[in-house]
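Each of the next two complexes has subunit A plus one more chain, namely subunit B in the first and subunit C in the second.
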Partner chain A sequence: MALQEVTSAFIKRMQSTQTPLKQAWKLQCLRTYATDPMQKELGELEESVHQATPTDAAGKRLSQYDPTQNAKQRKEQLPPSRYQFRSPRFYRGPLHPHQPLKSSDPASREFVPGPFTLPRLQQTYESTIAPDLMTLTYQHYPPGFERPQKGERLREWVGDSPYFKNRPRRGPRGYDVLPLLRKPITFRNVPKLERVTVHTMLKGAADDSAYLHVAGMVVQNITNVRVQTHAVRKSVASFGLRAGKHVSVTSELYGENMYHFLSKVIDVVMPKIKDYKGVKGSSGDSSGHISFGFKPEEVALFPEVEVNYDMYPPKMIPGLHVTVHTSATTDYDARMLLQAIGVPFYGKMVD
Partner chain B sequence: MALMRPSLRPSATLQTPHIHQQVRHATLLKRPKRPYTFTQLITLSDGSTFLHRTTSPAPIYKSTKDTKNNPLWNPSSQKLLNVEEDEAGRLKRFRARFGRGFDVESLEEGEEAREGEESVPRERQEESLLDMISSVGQEAEKKGKAAGKREEAKKSGKGKGGQK
Partner chain C sequence: MNAGQQSARRIASQNALSRDTVCISCRHRLASHASRRHASAATAAVAEEPPRTQTNPSNPPVTATGPKKAFQLKCSPVLSRPPVITRELTSFEKAFFLYQKRLNERLALPFTRYFYTKKETPGDIEWKRKRSLRRGTAARDIGAYNAYDDEKWNDEVLVGSKLGDPEDITERLILDAEGKDITEGEPQGDAETGGETISGDARAGEGSQKPVAEVNVERPASRITEADEQNDVKSLNRKLDRSLYLLVQNKDGQWRFPEDRVYGRENLHQAAERILLQAGGINMNTWVLANHPIGHYVNAFKSPILSKILPNRLVRTSRELEQEEYGEKVFFLKSRILAGQADLSQNEYKDKDFSWLAKEEVEKVVSKHYWSQIRNMLTER
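And now, the complex of A and B:
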């Protein structure tokens, strides 16, 4: 009995190898039985197949390939298409069996395709600005040089009190915020642009939400990114702000959008501003983020606003705050990067 | 880019697999909205062009004033400093007719400067070059140097504004 089974299976396989393309989908099923005891015999067979020259085999296959004919000859239906995971519409917590996909997965609901272009500014940065910055900030240390050891930034609690044991360390003397350390710049950590935040706060929005809508349209058109609105957290009577009212609009730009926005601002908008002096040299938060602003009449110079200026109520066009977040840890490095990109600075430089 | 998506924020617990808290509500995973963008060709005043993505449907944007013809971005250009808007040549004709000797001279000088930008006396050029060389070695005064450089640029910008 067993011998009969083996021979019948062998004959079947012979047939399938003779007409491989007609039943290619069946062959795939056969492949799952690759661990059968038949393996040895098959191995010999396949060797003999491979002995023919590859071009011959390919020509033969090509002549046999006729998908319409195959479809007509097929008796039974093809198996249904592969199972596809459908990302759920709702996130129901980490314990739910049906978990959403990561946003990087193209099947995810939150997937954002792109980037679609290689912006000019990015190319300039990679080809010339980054190497230049690295050279400019290069600090040579002769071999065998050891850096002088600095004291601890956070002080220990010194005293007889038993409570000083295992107590968290004291903050630095004189100020309570630890400034970022500036590491020597190598090819790994050349300062680069990370993101740009465009922000506008509208005084009139507390009373009239039209300001918010107009500002949202302006910012979205300028930046190519959907805006987010922000509500007041705490009421401030002197500014006429009440908690819970939406008064400001921001959009965060990353990657492609960021580069396009910055190059547009630098090449087109800034030079068009009347009597423009540049960005104030004291701008920056001393950890590598530099911000500057545009007045309402300057915002009207953006090509996207200019192209259909009549669309916006002229009194509602907002001013903007633009914050450029760089990976530099000091304002000096960040300013150097921005200067290389083309942003002019004026006045006293504060680091 | 994807990390900061607002709709991802409620599912922040996803990133800490060790703390499992049962959530009884469901959070809608919104599809991110993006404005439609077009490819636009920006033509700068000197004829150079580049492409960018923008929400503006105009296929070409021609700029009349940009980094290529703004003295703030070109502090060493004599041509841009003495720029005089005389497209129809009316001012020139007026000078030719009523101008005094010094007016005519200044006009000729300006034109010379416009052709080749070498109207700056040689000594001054050398001075500026020496300035650059001497400041290279001073590491301690790095910051001061940067500041000084910028202030020059600012002056040139002022000069331009005054002419308007």
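And now, the complex of A and C:
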């Protein structure tokens, strides 16, 4: 009704005008000059709550707002929610109409929450270590210089035999595996931490699975990641291993968990170890992954184990192997990264 | 063999001018590369020998009259103190982390209490008391929120709440360590007990729990130091979450990184170490990262200057030299301060003043031309 009145008043004014249409906008403005008396048309509009309330009243309403109290005071029940999609329990192929959600969706079954913090080690890496590593490892080439191309690293089969055609290339000369090439380091490939693997193999687990459970709890507590158990693949009689028996436990750390674990190891555990020399300089698999270990009595120094040490059977606390996977392609670069982070090395450095 | 390589080599080997245009290490690299002979390269070279036409048959012989024409060659160590503490989180990050923590609380299995405290032990009773105060939640950084009760839907933080702020979390952890209530509300005890919390558990004893002894939990040091409040630009304790750079005001009144000529046969790395010593004194433990520069500054003079360079007492190979200088070329070497402080009392360049500045403060004091050439080598944080 009110809308009709407004419309009719507007049309009336449009009709009464003698001036060209382009000045019609002026009519919408209720007064042409400031001295004109206020037209009564404004009064037609209803007074709303929003006009009347000053801003501080909004603050008052905010402080009084309590969603749980509102829910309790509500007399009638809210209408039921609309249809909610449930991710299927099993993946039935790309053509099935019921497709699972992406793992990033909180409603997905695979969703894992996180990150919860911005780790200090990550910030230090980004602000200090990465730029320094780039400066340290930079290799200058004169303008116009292109690095000489290396020849084929895997040789082809040369000969008259017709079977040489399309045959996979010959294995690398002098190695079992083809070693990684070290490319010059630029801002694109500064060595960084990729993941950490924490591993423990338990001799006693073949006979008594309690070892496995205790080791699982220790590793899970230390790393904040659910552990994976591994079975023996081939029986080795001399080690007392039988195929199919679960004897080892690993957990893979990425991102936030990895940074927290490494800073814990470097700043809390390593300084507490008595007469700790550091990580052996010869550690590494010559492609940028460096490993070190902790004995059972050193594992007990982890704050998560220390806080309820009594809850573990003391003889079952396992030793650990920690492998730090870096994006460096040589041990030299990987060690430089770990040294920058604070891992001490001792002995002869082998690259 | 490609064209780029050839042209660089020709520059390096052909004319006398190349000695000034290609740096020593590049010249060595090119020379050594040229002398190395590969069998594979030989056949290719024979096959496609480029017809070498001498376009400029001979360079005019350099007449050695008058002083040498050159640019001032300078080295300038960029001495910096890396960030000491973590940065402030943005409001989005704070909100996001809190959201993820509450989401985790909803999705994760409940806290396994008996793995940490045995039943009926004092620790267990104390833990139960504290947990009931924060509505049954194990976590101490997500406020009074229980993902397992009827009000679990109420997981959104109200406007103006400080929940999820790192300072707030620290405060709650300290309260918890002191055995106090950490939830938002007022202390659970009444005024008579002096705000002491009253046990929520009947088995923990009647009435108020008297603290056995005053628990003093050490608080983390403030992120804002005294030097921050006084804006003491000479202090290294300022702006702990930023990189600070050492700038000096030279005798002409210009603010720059400390700099000096390169004398004799010293290289940039040696020069940088010497300049740090001669400018900032011996009370600085510094580390010059690499042999190569991270940036350079070129400035042409309006008219050439005839300058007589006296040998430097710290560089044995330096000789007295007279040259006509058309401008200056400054090469910056990255270096870090590990300990100590700059001291201008023994300064040998007549520098007037020094200050430790963050990147955006550097921009305010240096000249525009200088800033345009150094801005990209300074880190953001």
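Here is the rule we use: the second predicted complex is superposed on the first by the 257 of 351 C-alpha atoms of A that agree within 3 Å, B and C clash if a C-alpha of one lies under 4 Å from a C-alpha of the other, contacts with A are read in each partner's own complex, and residues count from 1 in each chain.
The rule is short, and it goes like this: a contact is a pair of C-beta atoms (placed from the backbone, for glycine too) under 8 Å apart; a residue touches a chain by one contact, two chains touch by 3 or more.
Owing to the predicted nature of the structure, the values given are computational and were not obtained by experimental measurement.
K.L.:
Would you check which partner chain A:135 touches, where first means subunit B only, second means subunit C only, and both and neither mean what they say?
P.N.:
second
K.L.:
Report the partner of subunit A that touches more of its residues: subunit B or subunit C.
P.N.:
B
K.L.:
Identify the partner contact of A:264: answer first if only subunit B is touched, second if only subunit C is, both if each is, neither if none is.
P.N.:
First partner only.
K.L.:
Counting only touches as set out at the top, which of subunit B and subunit C does A:239 meet: first, second, both, neither?
P.N.:
neither
K.L.:
With the two structures laid over each other on chain A, which partner does A:256 touch: subunit B (first), subunit C (second), both, or neither?
P.N.:
In the superposition, A:256 touches subunit B alone.
K.L.:
Using the touch definition from the top, say if A:85 reaches subunit B (first), subunit C (second), both or neither.
P.N.:
neither
K.L.:
Return first, second, both or neither, reflecting whether A:109 touches subunit B, subunit C, both chains, or no partner chain.
P.N.:
In the superposition, A:109 touches subunit B alone.
K.L.:
Once chain A of both complexes is superposed, is A:309 in touch with subunit B (first), subunit C (second), both, or neither?
P.N.:
After superposition on chain A, A:309 lies in contact with neither partner.
K.L.:
Touch test for A:157: subunit B only (first), subunit C only (second), both, or neither?
P.N.:
Neither partner.
K.L.:
Can you list the residues of subunit A that meet both subunit B and subunit C?
P.N.:
116-117, 120, 307
K.L.:
Would you pull the subunit A residues touching subunit C in the complex into a rising list?
P.N.:
Counting only subunit A, the residues touching subunit C are 62, 65, 67-68, 71, 106, 111, 113-118, 120, 123-124, 126-128, 131-132, 135-136, 138, 140-146, 148, 151, 217, 307-308, 311.
K.L.:
Could you pull out which subunit C residues touch subunit A in their complex?
P.N.:
Of all residues in subunit C, those touching subunit A are 2, 4-5, 7-8, 12, 22-23, 25-26, 29-30, 33, 40, 82-83, 86-87, 89, 93, 97, 100-101, 103-104, 107-108, 115-117, 151, 154, 156, 158-160, 243, 289-290, 292, 294, 334, 336, 379, 381.
K.L.:
Tell me, which parts of subunit B touch subunit A in their complex?
P.N.:
1-2, 4-8, 10-11, 13-14, 17, 20-35, 37, 39-40, 42, 44, 50-58, 61, 63, 65-67, 69-70, 72-73, 143, 146-147, 150-151, 153-154, 157, 161
K.L.:
Spell out the residues on subunit A that touch subunit B in their complex, using ranges where they run on.
P.N.:
Against subunit B, the touching part of subunit A is residues 87-95, 99-100, 103-104, 109-110, 112, 116-117, 119-120, 220-221, 224-226, 228, 252, 254-257, 260, 263-264, 266-268, 270-272, 275-278, 281, 303-304, 307, 332, 335-336, 342, 344-349, 351.
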